[in-house]
Amino acid sequence: MEATVANVLLTFLAVTAVGIIMLRDLLAAVILLGAYSLIAAGAFVVMDAVDVAFTEAAVGSGISTILFLGALSFTRHDQKPRPNHSWMALFLAVAAGGLLIYGTLDMPYYGSATSAAQTNPGLAVRFLEESGSEVGPPNIVTSVLASYRGYDTLGETMVVFAAGIAVLSILGLKRRRPGENAPLDAPGDKTTTLVVNSSADDGSIASPNEMKRYPRQRHRVLQVVTKLVIPFVLMFGLYVQFHGDYGPGGGFQAGVIFASGFILYGLIFGLQKTRAIMPPSALRILMCLGLLLYCGTGLLTMVLGGNLLDYNVLAHDALHGQHWGIFTVELGVGITVTGVMISLFYNFASKRSL
Amino acid sequence: MEKIAGLYSYWIVVVLMMAGLYIMIARYNLTKKIIGLGLFQTSIFYLYITMGKVAGGTAPILIDGEQPVYSNPVPHVLILTAIVVGVATSAVALALIVRIYEEYGTVEEDEIKAIEAAEPEA
Amino acid sequence: MNPLWTLVPPLAVIPFILFFGEKRRNLREGSIILAGLALLLINNLIYNDLMAGGMPQSGEFALMADYSLKLSAEPMGVIFGLLASFLWVVTTVYSIGYMRGHSEINQTRFYTCFALALAAVMGAAYADNLLTLFVAYEVITISTFPLVTHVGGEAARKAGRVYLGILMTTSIAFLLPAIIWTASVSGTMDFVPGGVLKDAGLSNGALAFMLALFVFGIAKSGLMPFHRWLPAAMVAPTPVSALLHAVAVVKTGVFSLLKIVTYTFGIDVISISGAAYWLLPVAGFTIVVASFVAFTKDNLKARLAYSTIGQLAYIVLAALLATVMSVSGGVLHIVMHAFGKITLFFCAGAILVALHKSEISKLDGIGRRMPITMGAFFIGSLSIIGLPPAGGAWSKLLIAGGSFDSGTIIWAMILMFSTLLNIAYLLPISVRAFLKPDPTLAAGERATMTEAPFACLWAIVLTATASICLFLYPAPLMTLIGMIQWR
Amino acid sequence: MNVQIPALLILVPFTAAPLCVLFRHAVASWVIAFCANFFSFFAACVVLSHVRSEGVIRYKVGGWMAPAGIEYYIDTLNAAVLVLVSGISLIVLVYSYHTTKKEVSLSKHHLFYAAWLMCLTGLMGIAITGDAFNVFVFLEVSSLATYMLISFGKDRRALTATFRYLIMGSVGASFILIGIGFLYAATGTLNMIDLAERIPDSESQRAVLVAFSFICIGVMIKAAIFPLHAWLPNAYTYAPTAVTAFLSGTATKVSLYVLLRFFFSIFGFEFSFGQMLLTGVLLPAAIVGFLLMSLVAVFQTDLRRMLAYSSVAQLGYIVAGIALASQAGLTAGIVHIVNHALVKSALFMSVGCIIYQIGHAHRPSFDNLFKRMPFTCIAFIISGFGLIGVPLTVGFISKFALIEASLEQNYWWLAVLILVSSLMALVYVARVAEVMLFRKSRQETPESSGMSEAPMSMLVPMYLLIAIGLYFGINGSATLSLAGEAASQLLSGFTMELSQQ
């Protein structure tokens, strides 16, 4: 049954992929890519990878689609038609694919319980059997992610951080100068007359450009609904953050969800208002703080006499230590991810709203 | 037959991966390339997750007092990391695309090349 | 005396040269002469040690795990070291006169590179193994490059390109692989009396190929077809041409070859295997053709350059004949030719400084204006031709004798034929200078003495006298050569 | 040695990166970066000396015993790579102080140095780890930071160069990810030592083979090995000058290290070179690479582009050494990794000085360069000698070792081809040197006659690097013995008797 569902989903994926190749309208392709991620997330659930499914849904079809749309709104929507097909590319892809298929021929079959990966006493078996007593959290993925392979996660957090500051440096978020008030964004190369958006009675200031781009700003219904929804989104984010030990979730997913609350607000109420709530400099500090929290935990474990990220030394009892370690580390990840994701949104959005 | 059933999912995933790769190499539009990259990477995630699946298994979250069959958590952990890496790369690439469009007025690779060829050396 | 000391004076003087610079020229040049005298003294001490039966050598410096840089003094090296250091002093004195008389630019750079090159020549002279020799060889090439291009301008740049191109290319393409090959078949790079390739198990063909790599790889010996750099390098100021291209650079080339023949191959290996069979004709060809080409050149320095190519080929021939007598002759010829040729170059420079003439056809009658210079020129010519009372006679005799030793008379005949050519292209210059009337003077007018600056003249007289002395009193040299261990 | 030093080696620059962003001050971030980098360099030296005297270090990150946890595995090879990377980064960082001021807008300095630190952390993280998947993670850290660093270039072509690098780099990284996935499926482990043990017994030999191919290709893209080098020339040409100097000495070298680790330690000598016929693929690629790329370099007029192509060519030598798959060849390859890093960074630094003062590195438009910048020109020429392989420079040592290694296997033709390529290096270096030394200005303008040397803070680090290069050129046995040690460790696989920590 499971296998059938997975295979059906897989076929869906193939259809979507063909669509992505064929479509010349980039907007549609992006939406399809989001759908692709969502279907994949569904398949991941079927294949018991709930954490991955959660992340893929939040990131692949959420954040990354928003980023694509942000970029697209700034550039062209359609790719230019090309008469000739790239036989070279086709050849390369087919060759690589052929090689991969050749490699799968003696791989363990789908769902095999006796494959090398499933039976390795050092990794999979150990995690399944020992993590409860060694680390504690029922969610084994969290144990492995934050403790056994916490160092990988440290690197991963830095990747997120790197992306954040890379986009910041490439798109060059205009900084709010001290003493400068409401018109937060000093116009750069383009000069725009700022007008008070009369239809938004909350007095939000938006450029005509922005109004054109975000017509929803005028939708009172959306505004009300959003205001109602956002607390729940943020609450859910906190839940995912702190409940990651027990169910699917963790710092990364929580960060994304938390950020999506702000992004939603930004989409509906405009960038300026969002920035007033969450100024870019605060984001910068958040980004750094999360990472520093992670590093700090690592340093602390070393100061206390353990190896890097050896949480056992954090408390008298090893399990307690692990608990504290995972808690802080996940919190660090969550904070950094929140900061980076909102910052990414700001950068893409501010680029065009000026 | 058993082989086909057992490996079917791998093969489709491989095809999907190569679709992504093909888009990355063959398409001139830079945004489309990144869409291809997304497709490629998502398919790799799929490959990993497929490896971790155990038939009749359940999500690797310990349940008190029971001993069910769990799917392998290791690929899940790896892919969590890889997803993050993927979105980070895409974000940077998209930022670059925006800037390239600002500078060149186009995001088609061959047009950019033509513009660059006309520029003086360094 | 540790031969390492020979590197000290030329290197130690460089900071002084740079420090004194253009502003304090007397101090600058004084320091060079002091360094030169110190170097001569050190070489002399090494000579004494050697004569006392010692084998002065330096410690090893491992450049790579199995291969190290090391200096040691054996008779051949001592001869070359003494020669080069003596001529350095003389050339410095000469160049003081020349460079100032000619008001050359960038003299500091000139003297710096000069000193650096000389340090490298010392390294080559006392090299104890192929690696040291190669290092010194390359350093000489690079440090003399700025000297060749000294005057600047398009011509000098072209010359520099040819110079660096040929010397570096051949050394990287032929010499380096030959050295590495030697190391990999014999397991050592050391210079050992009797050679290291005896038991290396190379076939005769392989030996011949390896020898060819060495002979052509050392393009500094000016063997055709890799001789183009030498005439090209004549755009350099005359002292450079004199010391470097009549003495240090080219002689490093042939000296290296002699050393390799004696201590890497072993003369017996060469003569038994017939490795030189295909190379001897190349040397013979060079001797004859270079002489003919020299004959056609009107520019004095160009003629001397081609003469040098021919004379160097004598030494290459001597090395390839690989008999005790011929190689001894080769070593001797290094010295004899050095004194003879440096005299000639000094004279050419003196004529340029005093009368601003460089073409032979314009030298008519200048013997009366510059009697001392042209007298020395005559002695130098005799030495190159190989006539008494100049030193060249001895070395030519030995090489010809070596040819008989090896059982083939043809090389001796080529030597004699080339001697005739030497006469034909060198003596007419003296004849012109002394016997033809000076076209610039009206009939009956007497020429005034317009000799070169005193410093130049002094050097010229010294080297010409030395040429004669070497003919009259070759005994110490012969003793040294006799101390070479052939087997 | 304190047991925590290997971890601090990574963690200190890691922590310093967010600190730079947090402080958001140009000079402060440089100081933070310098201090962190200095510490890393110092720590790397300690680690190297410890490894050489006491043997391999294994450090259990998180206190978990491998293969459940991630571990550091440090033997001579990666200790040397750590020293190399942190050392070059440190020297170039000092040098970058002025160039960055000129090339990067002041408001982004903190981001620039943060990216620098992340790049350094990523590269060192790759080098130090003993876990295959961790290699991927830190590869991405360094890649993202590198993209960012390159995109700081002033020319708008820096953007497209970055984009192209990003595309190729992502393909490479994805290939590595696929490879690691297949390896995991075939063996069920990620730890390198564990992999090495389990690969021969795996039931899925085809999967292992595919994993090998994909990891190979992926790493080779990252290492810019011909013919997968397309990203490199533009990236090196348009990146900020200090970044080019930094990357040329470190990024590709670390990727080569990964290649060595996978070839020899993980898959093992027999697998890589026996069954895989790697010699049949790798060696021709290397040879065509160094010949063709040297030739292309000859025709470049922009100095940085020329050096970039020359880099690809020099990587070809390294790969040729590796492909010989003998103790001698491997030694030559490893020693050239170090030597080329020293030489090429110094060269890019000298070109950076020229750009700093003149504003371009276009050879035909130089005039009177030697008069204006004598020290820079001398630096370029001395380092250029290293590229050619003149004796007493590092280039000679590695070329000598490489030729000896090829003669040892009777590949005399390889020796010949290496020499031919060296001659091409002679041509392109000499062409630049000639212009530097002899090209007089066509019209005498007052500003072109006086001396206008780059600031001391650029010259001193540059000459420091050159001095190090000359030292190792004269005392080649130091690097050669190190490389020999590393080579024999590689050939004998992972060491099992360890000082567990």
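So that you can tell them apart, the chains are marked A, B, C and D in the order they are listed, and the count of residues begins at 1 in each.
Here is the rule we go by: contacts are C-beta pairs under 8 Å (C-beta built on N, C-alpha and C of every residue); 3 or more make two chains touch, one makes a residue touch a chain.
Not measured: the values here are computed from a predicted model.
The count of contacting C-beta pairs peaks for the chain pair A-B. Rounded to a whole number, the gap between the C-alpha centres of subunit B and subunit D is 28 angstrom.
Rounded to whole angstrom, the centroid-to-centroid distance between subunit B and subunit C, based on C-alpha atoms, equals 69 Å. Averaged C-alpha coordinates give centres for subunit A and subunit C that are 76 Å from one another. Measuring from the averaged C-alpha position of subunit A to that of subunit B gives a distance of 14 Å. Multi-chain contact residues of subunit D (touching two or more other chains): 133, 137, 140, 144, 147-148, 151, 178, 184-185, 190. Each of residues 17, 21, 51, 74-75, 78, 81, 85, 88-89, 92, 96-97, 99 in subunit B touches at least two other chains.
Those residues of subunit A in touch with two or more other chains are numbered 100, 104-105, 107-108, 115, 117-118, 123-124, 127, 149, 152, 155-156, 159, 162-163, 166, 170.
Contacting chain pairs (ordered by label): A-B, A-D, B-D, C-D. Residues 3-4, 7-8, 11, 14-15, 17-19, 21-22, 24, 59-64, 66-70, 107-108, 111-112, 114-115, 118, 121-122, 125, 131, 133-134, 137-138, 140-141, 144-145, 147-148, 151-152, 178, 182, 184-191, 194, 198, 202-207, 209-211, 213-214, 501 of subunit D are the ones touching subunit A in the complex. Touching subunit A in their complex are the following residues of subunit B: 2-3, 5-23, 25-29, 31-32, 34-36, 38-39, 42-43, 45-46, 49-64, 69-81, 83-92, 94-99, 101, 106-108.
The residues of subunit C lying in touch with subunit D in their complex are 61-65, 134-135, 138-139, 142, 146, 149, 152, 156-157, 160-161, 164-165, 168-169, 172-173, 176-177, 180-181, 183-184. Every residue of subunit B that touches subunit D in the complex is listed here, in rising order: 17, 21, 24, 30, 33, 37, 40-41, 44, 47-48, 51, 74-75, 78, 81-82, 85, 88-89, 92-93, 96-97, 99-100, 103-104, 112, 116, 119, 121-122.
Per the touch definition, subunit D reaches subunit C in the complex via residues 385, 388-392, 397, 400-401, 403-404, 407-408, 412, 415-416, 419-420, 422-423, 426, 430, 434, 437-438, 440, 474-477, 480-481, 484.
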